[in-house]
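Below is one structure, written out as structure tokens; comments come after it.
Note that the chains are named A, B and C in the order they appear, and that numbering of residues resets to 1 at the start of each chain.
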Amino acid sequence: MSKIFTNELIKKLSLLNTEKMYLNDFLHTWDKTDQELSAIYTVATILEEMRKDNISPKVFDSGLGISLFRDNSTRTRFSFASACNLLGLEVQDLDEGKSQVAHGETVRETANMVSFMADIIGIRDDMYIGKGHAYMKEVAESIEAGHQEGVLEQRPTVVNLQCDVDHPTQSMSDMLHIINTFGGVENLKGKKIAMTWAYSPSYGKPLSVPQGIIGLMTRFGMDVSLAHPEGYEVMPEVEEIARLNAQASGGSFTKAASMADAFADADIVYPKSWAPFVAMEKRTELYGNGDDAGIKALEKELLAQNALHKDWECTEDLMTKTKNGKALYMHCLPADITGVSCDEGEVAASVFDRYRVPLYKEASYKPYIIAAMIFLSKFKNPSDTFKTLMDQETSRIL
Amino acid sequence: MSKIFTNELIKKLSLLNTEKMYLNDFLHTWDKTDQELSAIYTVATILEEMRKDNISPKVFDSGLGISLFRDNSTRTRFSFASACNLLGLEVQDLDEGKSQVAHGETVRETANMVSFMADIIGIRDDMYIGKGHAYMKEVAESIEAGHQEGVLEQRPTVVNLQCDVDHPTQSMSDMLHIINTFGGVENLKGKKIAMTWAYSPSYGKPLSVPQGIIGLMTRFGMDVSLAHPEGYEVMPEVEEIARLNAQASGGSFTKAASMADAFADADIVYPKSWAPFVAMEKRTELYGNGDDAGIKALEKELLAQNALHKDWECTEDLMTKTKNGKALYMHCLPADITGVSCDEGEVAASVFDRYRVPLYKEASYKPYIIAAMIFLSKFKNPSDTFKTLMDQETSRIL
Amino acid sequence: MSKIFTNELIKKLSLLNTEKMYLNDFLHTWDKTDQELSAIYTVATILEEMRKDNISPKVFDSGLGISLFRDNSTRTRFSFASACNLLGLEVQDLDEGKSQVAHGETVRETANMVSFMADIIGIRDDMYIGKGHAYMKEVAESIEAGHQEGVLEQRPTVVNLQCDVDHPTQSMSDMLHIINTFGGVENLKGKKIAMTWAYSPSYGKPLSVPQGIIGLMTRFGMDVSLAHPEGYEVMPEVEEIARLNAQASGGSFTKAASMADAFADADIVYPKSWAPFVAMEKRTELYGNGDDAGIKALEKELLAQNALHKDWECTEDLMTKTKNGKALYMHCLPADITGVSCDEGEVAASVFDRYRVPLYKEASYKPYIIAAMIFLSKFKNPSDTFKTLMDQETSRIL
């Protein structure tokens, strides 16, 4: 907690090219340059330091942050609300209902109608494969057009709070946790991270977490190992992105046959359940047809399929296979903890418990990551804006 | 976007008598003088200009804007939230449930209980004929009494966000759109506007839109032509208001037998579905008795009645009958667009599409109109307040 | 409304020891010293005076006030929202559902996940005997641990908005009403207050109101008389607290056999329905077992039990037994008013009506009491903070 540190970060930020982030959306991490990602971490840390020093980073005197969640969400909702509030935006929920996915004219009209005084639109739409990202693009294009056509005097920017393809606010928070744990991004080269499937007695968990992880972690020269049972493949296009990232960063992206293989000598493990891609495609179709019986049958089938892989659990025994038996255990929370939140789950209670505090810390970055995404989309010269804020030195609490 | 223009508007505002608006409600446009309406447009435009110039018009350091909606509403909700947020009020929803219309002691008590720190109460209650306006009056009288009795240290003001009789925030936004389209209120004398019924495959759309339009547009020397199929009469007392307005303003209020007659040589057309008044009265009674079967039967009957008038559609052919074939097409949105949102509806897709941008623009005024209503009910010398704000020159975004 | 009065209160506040309130929760009034309670009244009154003088007491430039309500609540919700808004906090609702009472790991995790940028957590959990207070303690301990472990950079404080044991924001508002009615706390010695059960055609009203009243009012040297039909006993541990309080304050705590006995010569009467403790214990168990049939049977039984005591009504006749027939009638609202909100209820319509304005006034203190609880938990030297605010003299409305 020193303003000297904050000012150093502001100087660092001034050297990063963030020009294209201005008035732009944050949909996938792989749309962004390394410098842009670095700017996100830097701004997130500046905001965190300012808050610790009781300096308010309120940059909006008024303005709305619209939240559009297809699914119930306490954690993401609070992270988004916290980020908006910190910067001075008031959250206004746009509740379109879970199942009704609007299209075409309706999306365009609604997107414009709610945006007359909106600065940010945060969208979480992870339920339907092939729909979430497409919807966010449609909203973004609608408001871009609205701005060009003179309907919207300013252009709200869209933040992806989780789609079917990527979960950038999660993966970026995870990454900031890794950076802080390993003492800097420069220490990550050659570190091994195991992103693995894990058993859960529930079905339909989104693929965007593992996809987000392999799509981001491959950019830092790390050895990223993906493991899952047969049938739980992630989107091939995201695997391809991971492969290309690894080539460019001097790291590697490999697929392991088992949790044990992936965990072997790993510095970081991220065991987490997700649904089979094919099943999610089928589910999207069933929902589209309103086929309730089909959905129920599919759910039953999925639970049975999951149950074949109960050995995919992050146990103490498996943890001993990791680097010095001390890999950093990660999870996006909430986890299915064996004997705690379910009979058999993703992780042994003793493993989870040993990492509980780091896991909470991992989650704590999300409001700052979201705030950083908002900040960088709204200020052309973000380091200048921070200088003004530091000079102003308004107390957050009097 | 020039502060010179804003300052001129502020000067203009200083010449208007807005004294009676101070600490007063906005329930019907016909309760207000011409100068008061002019003040609303002026303040709305000042607020819009200030926002474009990034000057914050935040006048409340804290305070609540209570929203009380009987019906689901995305657009009005966002307009009200935007207006409140722009001025510094936080919205707090009072959800009394849709069907439970409270009376007497309950209204008085609730109105006082929520108002201890409220500055504004925005109410939308358009579902039941004979109830919405009465309810707003009851709330207004309750808080007026609460203030007189020393319970409320300040008197929140009520803004009608749509009742059974009038829809002032809609009609005023529409009017501001007309003023801006025709280059000033002074150009409206002799212009013809057609407010007509249109077919929709839904029932029960409120009458307050056409009523609001004929009750307001007749005040500017325009020729207002109302057309609808037999059985779709609007409230006779509002027609009477329109007639008196037209006499006073040197315009006219006439009723046409068909859409084509109304459209003939019109400068502006506003084709829009609404429910038969008599049916709405019946529905109010059925709801009051909790007669679900009766309601369902009535709905079926209404849909059948509507279906007799499918020829009441705003087609390209009908548009050619308007002044130079180029009348301004208006709608409060969302519209029932033939082939887009329904098979057969209020308007042809090509007509709607040609006017899409102006329609969005029309809607964009509503947050400013609501903010103007709030502003004028809270400041005794609004032009002085604006001068202070312009001198302060606080940035909305840093 | 004079700043001289406000400044005197600030001076008074500076003499009170509020050190232990700093960063601490407000769960029960009996956890707090007399000086601490006095500080709450003083701060509440300072805030009220500042608002009347249009001086903003906004102390947070940003921050969240989390509301967690197990039950629907309009009044408490608005009181909490008003208090948060006045001080600069934005309310964010945490809706965990009514019946799902989370435990252990889930509580700990959720409490931390929502608290990264939260300053206050307001909880209302009054439905289940033996659960509400325990839950609040669990939340408080979770965030305290989160703060110690470095997860939360600041420690949000918990305000009890009603639990199964106490209802401090209600009893403190009631007390402030009494203080103001009788011209100061120094005039309360020897005054008699009757806290009595009253008939209501509903079941399951919480015991925390009578418990809160006897737990607080016994601290001011008053004679507190509790009366209820057999079977409607309150928690024995709270009666014990009342007894000890009365001893220490030089007042008395007695139990009367009837409403008439309790009312005899009373200066204040507080007739109000509540559920039998034993029945509430049973209900908690039935809810825990998901025994819907059992719950329904219990409800029927409770209504029948209540109906045996319809003579427990605050009638005009009973009011004549009070001191000069002019006792102050109090209620936490809404009341069951005979012939108004029900056929037979807690109070005669004419009694209620005569006291309507004071009853509304009584309720009006709650937002200020809650704001005072927040304020004193956030500022180490609250009188210094108020001095700064008075010097700043920011207008609440421009």
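In the analysis below, a contact is a pair of C-beta atoms (placed from the backbone, for glycine too) under 8 Å apart; a residue touches a chain by one contact, two chains touch by 3 or more.
Keep in mind that this is a model prediction, so the values were computed, not measured.
Copies chain B and chain C of the same sequence differ by a rotation of 120 degrees once their CA atoms are superposed, given in steps of 5. Copies chain A and chain C of the same chain sequence form an interface built mainly from non-equivalent positions, shared numbers / all numbers used being under half. Chain A and chain C have Cα centroids lying 41 Å from one another.
For chain A, the set of residues that touch two or more other chains comprises 90. Every residue of chain C that touches chain B in the complex is listed here, in rising order: 48, 51-52, 56, 58, 74-75, 77-79, 81-82, 85-88, 90-91, 333-334, 337, 340-341, 357, 360-361, 363-364, 366-367, 394-398.
Residues 59-64, 90, 92, 94, 104-106, 109-110, 112-114, 116-119, 146, 149-153, 378-379, 385, 388-389 of chain A touch chain B in their complex.
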